[in-house]
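These notes are about the structure you will find just below.
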Amino acid sequence: MRTDRLEAFSDGVIAILITILVLELRPPHGAELSSLRSLYPVFLTYVLSFVILGIYWNNHHHMLRATERINGAVLWANLHLLFWLSLFPFATGWMGRNHFAKWPTVAYGVVLLCAAIAYFILQNVILAEQGPESPLRTAIGRDLKGKASPLIYASAIGLAFVNRWIAVALYVVVALMWLVPDRRLVRIDETAGG
Amino acid sequence: MRTDRLEAFSDGVIAILITILVLELRPPHGAELSSLRSLYPVFLTYVLSFVILGIYWNNHHHMLRATERINGAVLWANLHLLFWLSLFPFATGWMGRNHFAKWPTVAYGVVLLCAAIAYFILQNVILAEQGPESPLRTAIGRDLKGKASPLIYASAIGLAFVNRWIAVALYVVVALMWLVPDRRLVRIDETAGG
Amino acid sequence: MRTDRLEAFSDGVIAILITILVLELRPPHGAELSSLRSLYPVFLTYVLSFVILGIYWNNHHHMLRATERINGAVLWANLHLLFWLSLFPFATGWMGRNHFAKWPTVAYGVVLLCAAIAYFILQNVILAEQGPESPLRTAIGRDLKGKASPLIYASAIGLAFVNRWIAVALYVVVALMWLVPDRRLVRIDETAGG
Amino acid sequence: MRTDRLEAFSDGVIAILITILVLELRPPHGAELSSLRSLYPVFLTYVLSFVILGIYWNNHHHMLRATERINGAVLWANLHLLFWLSLFPFATGWMGRNHFAKWPTVAYGVVLLCAAIAYFILQNVILAEQGPESPLRTAIGRDLKGKASPLIYASAIGLAFVNRWIAVALYVVVALMWLVPDRRLVRIDETAGG
């Protein structure tokens, strides 16, 4: 089984999710500059979720380019990832409207954590199919970022009960950590002639 | 006629439907954990419809990979399937908001039944085009699951008038029955070299 | 310039429009069967618009498969067609909510007419690029259906002022007229080896 | 790295944005012709934003066809452009609903300006990857339109405080300036055999 239709479907879902996010950003009723001001928490959560979905698309893109063949389990692991990503508009909207209140911030973290775990599962299902000497295996190496993300998200969820801004800061930290495209997979692309 | 644009269009529609489903899951007004509790029927119906649409995408993917050529009738049989799938957000929203009330649960079953019949028609239109000795024909074999699904849905619709939870249970049973990717078509993919 | 990205973009827009249409079909507030009854005009307009968009996708698909190369003018003629198609959810929603009242029925006809003219323009821009002996030119021949559709729509708009049901009937007539996939272009696909 | 998945993802996002724009154009409550009249500012802003997004799609299409290879920085510069384009429905809705009031008109200009700058950045990131003698570099030449657009947008934002209609007129001027597809890149396509 080739990866093209899986990539197209995932691209479609992520493209729609990244666009549906913006539906939370409703034009305000007033026409004054001040009416924009109340939108800033919604805007900031929009930017954060846009960046995180962009990172997922980016990493997904690199991972599948280094993938030679897939099986039925990969299709389901991929749908599982898309399920958690599909909850981003919900979690983003709840956190943004409530100005980073405690429970919405926790819920956002839970969605981030589940998506990170789903990505980790997808990666392992793909690796199992590729065999031990695959270029993807070599490229991923120790996968420090992939293992650190869920741990940081789990900590953030716990720390949200102490201070919700610590949680928000940790969500931003993970995003920044991934913003640098994964050099290991990029290298594969280059040596494999992309 | 090749299948690529048909696949791309179907992927697009299913990707949008699976994402529009989540629009029913509105962020609650309160910021407390308890405000999430009232969402659980909407969330459960969302999960169920997400899984069922995922199954359709998966089976559609496998079926068209085993298909060599299509004709105009296939285009229309495919649009007919997409029509019934497009009613998923409506039926899901009605059932979720009304906590699995009788008529919404029946309506959901009717949409599931019509989609299952439309898939069966599409499969037969494709088979007719492929000829009697096609790999798809061999792969589908007796098609027990494809024939059982509409029957179970029809029973569920009838039993919803006795007890709506029986209907919901049967909808879940069909989903679980299909969750295992269709081994017969997967085999084709593998022998055909994907 | 090849047609692949033009096809992909058009598929994307039409897939989204066909799906956004269903957003007009809101789940009713009540959970009784009777609450579905008030939805029937919205449902019927949904079915009509779904079928018409399906016809556009189908014909667009066949036309571009018979097209060898495109230029910048084709890109713009195509966007012009997509613009009028993008007004379908608006016109469908207005007509459905108002139970086929006079002005919404007229507005729906105007959108249908403009889309038909835009399709005619797109076809001619493509034909101009292909040259006089192109397979597409031969296939289209006298193009009776393409010329009749705008005339019927224009008549329907006029007759809506006499009786709106005549207009609705004529919209349905054009849809049925096109439901048969264009045999001429299908023939091309077959002789060209698709 | 090839450009195909980047193009598909960008097409998807732009197709969805161009379609989501129309969601701002709500069917009016009344069924009279007069009830359409109050929609004209929303309709005009819709047309303007549709045309501008169409121009971006068109130019993006031509630029990537003249591009031979991309790297990770291009992926991010592209997501940055998509981010600003994703704010079109918000800015369009705010300006349309408020009949081109001062601040919404300014906000629309800011989104246009940021998108134009993001496109400029994307173009330069791609050029840096292609090397000094690339066909894209030759094709773009002095890039008068690309450099004039942000300047005109910036002027429009300033002049909106004098008279908002000057700003609106300048937005239209830039759109008309670009409506002619970029002859330089088209030429490349043709010489490169598309």
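Note that the chains are named A, B, C and D in the order they appear, and that numbering of residues resets to 1 at the start of each chain.
Just so it is clear, a contact is a pair of C-beta atoms (placed from the backbone, for glycine too) under 8 Å apart; a residue touches a chain by one contact, two chains touch by 3 or more.
Since the structure is predicted, the reported quantities are computational estimates derived from the model, not experimental observations.
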Legend entry - Neighbouring chains shared between chain C and chain D, ordered by label: none
Inset, instruction - Pick same or different for copies chain A and chain D, depending on whether their interface residues overlap by over half. - result: different
Inset, instruction - Averaging only over C-alpha atoms, locate the centres of chain B and chain D and give their separation in whole Å. - result: 37
Inset, instruction - Please report how many Å separate the Cα centroid of chain A from that of chain B, as a whole number. - result: 26
Inset, instruction - Would you please write down the residue numbers of chain A that are in contact with two or more other chains? - result: 8, 12, 16, 23
Inset, instruction - Take each protein chain as a node, join two nodes whenever their chains touch, and name the resulting shape: line, ring, star, complete or other. - result: ring
Inset, instruction - Name, in rising order, each residue of chain A that touches chain D in their complex. - result: 7-8, 11-12, 14-16, 18-19, 21-23, 25-28, 31-33, 36, 47, 50, 54, 57-58, 61, 65, 179, 181, 186, 189-190, 194
Inset, instruction - Show which residues of chain C lie in contact with chain D when the two form their complex. - result: 1-2, 5, 8-9, 12-13, 16-17, 20, 23, 69, 71-72, 75-76, 79, 82-83, 86-87, 89-90, 93-94, 97-98, 101-104, 107
